[in-house]
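Chain lettering (A, B, C and D) follows the sequence in which the chains are written, and residue indices restart at 1 in each chain.
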């Protein structure tokens, strides 16, 4: 495992490189090279560790010094794997991303430093075994992420969005203090490996769960604590928003799973709580996403949705652990774990893609895009793969994890008869509903951004090799997990069996016949190709030509007549107007011959704009009206001495 | 005798010399060497290489050793940057006052060292009052109306307060009546030895008077105002000096009397009083942060807040006490960093109004980033030291007999963080106004010292030297706290 | 004897409570200084030691000669108006003072049951502290604030003799010096204030606010 | 044994793919008869497909590779879904634990690409159709889970074949349950295959169409693929419907076939009748209509769970 620490050092050494090279271009090249090298070595180490399953559970040696600060157990290594796996392409992208700014003459050094720190601290988080070390890495992670976010700090929304994030993480860490204090006090040790508490701890058990779930849930972005995501993600530099959405919110999931490790078996109602909260997050996350026009904001809401899906898996797992039923746990947690990986992959892909678009068009508003497919065909293909995957549609990776989660529903229904089938069915329907909405949403953004004619003329749309490379890696992963899930399932299963769920070996994810799925998918794609060839031959025979689209005989069709994103999503948004705070503004035409008209539709966030902000405003206005102890006249100062002395003396007098 | 001369006499002599010779540069040279010696010596004493035995009213114990080290450390850095600070242009009236600057500083060092090392309450009182007297003219450095008002208020309030502290000391003698201590000298070590015999009523009274009296100097609400005015209107090195060392000198007095109360029946009462004071201070800072428009004042209130946290820690006792001791160290370092950087910002923008300041990071990158970092440090974000001390204090609170304190404190601190952040970020970011001349900021000694201090802040926190640890453990033992 | 002096001291306090003139304050301060000096001289009736003279001497010099002169000088230089500017009527102020006297004496007599203390000097010293504070709180003129502070100090001194605390000589002198320097600095500050602002009210010191 | 099963699977797949146009023809014929016309022959759909295949392909000038691949993916996805359906008592070609989910999502895939292809033209007509398709699909999926899915959850089987063969008639409330389920499936079929009253397959006003308007700009082989896959889709739902009736017979293959044929004919009649008597809903009301169907499903489920 020393190799891993060497890789971390290698990544940190990039900071030195940045300091060393005065010229931005050289510095970024060197730094990215070092980062990539470090990440790859790290990834290889981690992967071999996972596959050979040499998990070190306690006192391991770092550079020959025996320390219990770190631990490499299955769960930690799995997340470490994900982090490094996602970080590699992100770093590759980051190189070409920063190139744009360097060409503009903006200094990117500080940003690079924060990126390096962010990467290393995040990797440290998942391997740290000592609670204090965990907190330190956790806070360093959050802070460096914040510092990275404020790259374009002149903009107002950047400041607010980043500040939301900072405050959120500060609140989280306060909760975590208390959480770990209790655990420390109970087990009188700071080591994760010693933390364990069973439900007969009574009230404390519930308090701990409340603390853990709220704290980590905030980080993960469950509703109603999601308010920071749609603010922080759009304004962050793409590299950071990709990492944020791909990895950092997953740290919340990591925390929740750890909490489960510390405190099990869980009471059943907790499982239901988590399940329902996650269901709400999933449904409303995607529904909010449907109402957005800003691509990054939209993707942020999709993170809420996917976190919800992961949460559903965890909730089922909790129920399973309440009934000590291994299959339910395996399927629930397994689905959650796999979906964590999947979401990390395709969400990063989509964010990087959105970054590429932003770089080229200079806008994030999808209403101003369109017809990009005619400029970057392969780019669109890659983005499309990500979209299909995130909608959970076969044959890509999103489907696999959702499939497991559906199975967990079925299994729960089968395992714990009576009214469980009903509840589980409702959950399944909920998930199906989410899937439908996701399809609607992603057909929307893909068609509005890429298809049809360009609404705003595109000056240049060129994608560098590095961008293609990073997108390609992500897409490849999506396809691989989709078409050949077996090895990934094996890894997840290993993670589950290695101490995460006791006696999980009795039932494993491999009971599902994954090869059959692969066969189906592959043969289907073969079929597609065959028909394609057949179609080609037919077209050769009977000819094919290009003509203008059918417009009821009206020839003057122009791009502005195309269906817009808001009109596409309108019918669905109308249905849950109030929850989405969805309102439209039309100025009515009074003249016979209509003049220039205007139509707008917006959706505000209920939790953010309607609850949180007003609450804070009222509170601050209330407090700032308090004139308590803020006098300017020295006589009051003196008087206070007298008053306080009398008060204290009275207390002393009344003291028993 | 050596230690006595180095720690107490030499600063006095240096002050005299500074009175005689005129050149600022030579004054600076002398003061710097004195401070360096002082730092070195107090460090040697702290790590125990040298066992000091001081004459008549002076002595050392773990507590005074720690505070002495903090004092001379703060003093050293303040002197180090003072020269470059003096070079900055000010009004002609202020120019005239500069010749007393180092004199007063040296006198301050003398008085403060005497106060910290004194074993006798009378001595402590005299020395503490002397520190006030030496600092008051320094507050008036800028020779403008605000400075004048601040000086007046500080001088007057603190003098009255410390007079009350004197009453408290007299009560202490009263409490000794009818015991073997009767007619004895006010050596507090004696008092600590047979504290249980003392008359509880007078003891309580004396604690109240001393605590309230010295609160004017510590800046515990509701006696914080004079302190805040002074800190926010004095030049940055002096502000750092006050927040870093002067306040804790006053805190020392409170801790002495608290130590006497420790074994007695009035212990719980004293703890309650301290907790009330601490919570009040944090609350005052919390309220202020909602309507801040002057960043020096904001920093002053931040030190009110942190002294409040320290008092809370002492009051809660247990682990929180040790945490508070650490917090004293980190806070002194951190306040220096904040005030130094803020001083740079002030001398660049010539205003203390938050609204007058935009995009510091772009205009002066060094100062800007360092200021941002020191804000993170003060709001307890790791790996900076305050994080560790607050962690200890919080845990102490949670497992004390009053866990609700933790809830209240966390709530207040969270909002303090939010509002402080809002204000400071508004200063740091934002698009720069056109008229802001874009000159490259050069790397000055202030930046150097700030960086060193930040590194120190991280290093002490993460490494947590064994010597420091056992020193604090022995302090806690003196206060009857087993860890 | 000690009690007699204390009573005189209290009378001076009452006079302070009613007098409208600034000069009277200085006079009273001088008078109190003399009282305190005599109080210190008392032990010499039994045995006389040259060493013990130092303290009364310094006290006399500082409290009777230097400080009153200094304050007079300030008053002349800044030609401060001769009348104090009370914020409440003298009568109410007097009532307040009397009320506090009663409370303090009662408290002293209660406390004296637990530990034996000479009530009169103790109480009057404490009363002086109270009156000093009241003067500061209820008077506007800064110079009067200084006077109030000095009254407070005198009270503490009397109080100190009452509780018979044997502070070492050099500390006593240190205390006196401190007081003197405080007054000195305040005088300088007053000078500055007169040159910076117009008027000597506390009301002009209202720039520093949150 | 294995081989036999696979053969049966293949046969049934071929049956579905082959017979689906015939069913449409059947429906249209009967519609014609009800409305008092002679109507085209039952084999008309086959002729149309043949004709389309021979036509020249025309693509809109703003269309991209999406329009090229969408029809293929559409067809294959639908065919794959079809391969999971049992005809009579034969185990279908694709049948494994949880294939019901794959079934639903395969249809989802088909829809995804059809919508994309529609939007690819960049004309507002297609946009309209696509938006409607996507919107109604969101509400159609729950219905599917409330019918087939509910039986799956109750029976504990997750493969369509097992689900259907778990249906027993010994419990009266279950029978009621099944009947209501079959009704919901019918509604589902109507929606998914855009028949009356949700959509009018042979209207001539672009603004009122859903499915037809999406393929407005396709022609030739593309249109052929679209039409064919829509036929298959309809037939799939019909089979889903028909499969409810197996338990009425002893489990023998031949009898199964007979039942199958009979039921299918009945269904075609029913469909035709519905299309004749009802008129199309307003677009705005369609979500309500679907929610109503969902409500039936839920209610039915509740009744079942608490009466058994």
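Note that in this section a residue touches a chain if its C-beta (ideal position, glycine included) is under 8 Å from a C-beta of that chain, and two chains touch if they have at least 3 such contacts.
Keep in mind it's a predicted model, so treat the numbers as computed, not measured.
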| item | value |
| --- | --- |
| Centroid comparison with subunit A (C-alpha atoms), farthest chain | C |
| Pair exhibiting more inter-chain C-beta contacts, B-C or A-C | B-C |
| Centre-of-Cα separation between subunit C and subunit B, whole angstrom | 31 |
| Where subunit C and subunit D are represented by their mean Cα positions, the distance between them in whole Å | 102 |
| Computed distance of Cα centres, subunit D from subunit B, in Å | 79 |
| Euclidean distance of C-alpha centroids - subunit A vs subunit C, Å | 71 |
| Where subunit B touches two or more other chains at once, by residue number | 152-153, 156, 160, 288, 291 |
| Multi-chain contact sites of subunit C, meaning residues that touch two or more partners | 133, 136, 145, 205, 207-208, 210 |
| Every chain pair meeting the contact rule | A-B, A-C, A-D, B-C |
| For the subunit A and subunit D complex, residues of the former touching the latter | 370-371, 373-374, 377, 380, 388, 391-394, 399, 402-403, 406-407, 409-410, 413-414, 419, 421-422, 424-425, 428-429, 432-433, 435-437, 439-440, 442-444, 446-448, 450-453, 512-513, 516-517, 520, 524, 527-528, 531-532, 535, 538-539, 542-552, 557, 559, 561-563, 567-572, 575 |
| Of subunit A, residues touching subunit B in the complex | 110, 132, 135-136, 139-140, 143, 147, 150, 153-154, 159, 163, 166-167, 170-171, 174, 177-178, 181-182, 184-185, 620, 623-624, 626, 628-631, 634, 636-638, 640-641, 643-645, 648-649, 651-652, 655 |
| Residue numbers on subunit B that touch subunit C, as the complex places them | 57, 120, 122-123, 125-126, 129-130, 133, 136-137, 140, 145-146, 148-153, 155-156, 159-160, 163, 166-167, 170-171, 173-174, 177-178, 183, 185-186, 199, 201-202, 229, 232-233, 288, 291-292, 297 |
| Contacting residues of subunit D [partner subunit A, same complex] | 53-62, 64-66, 69, 71-73, 75-77, 79-80, 94, 96-98, 101-102, 104-106, 108-109, 111-112, 115-116, 119-128, 130-132, 134-135, 137-142, 144-146, 149-150, 152-154, 156, 158, 206, 216-217, 220-221, 225, 287, 301-302, 305 |
| Residue ranges of subunit B touching subunit A (in the complex, touch as defined) | 152-153, 156-157, 160-161, 164, 204-205, 208-209, 211-213, 216, 221-226, 266, 269, 272-273, 284, 286-288, 290-291, 359, 361-362, 369, 372, 376, 379, 381-383, 387, 391, 394-395, 398-399, 406, 410, 413-414, 417-419, 421-422, 425-426, 428-431 |
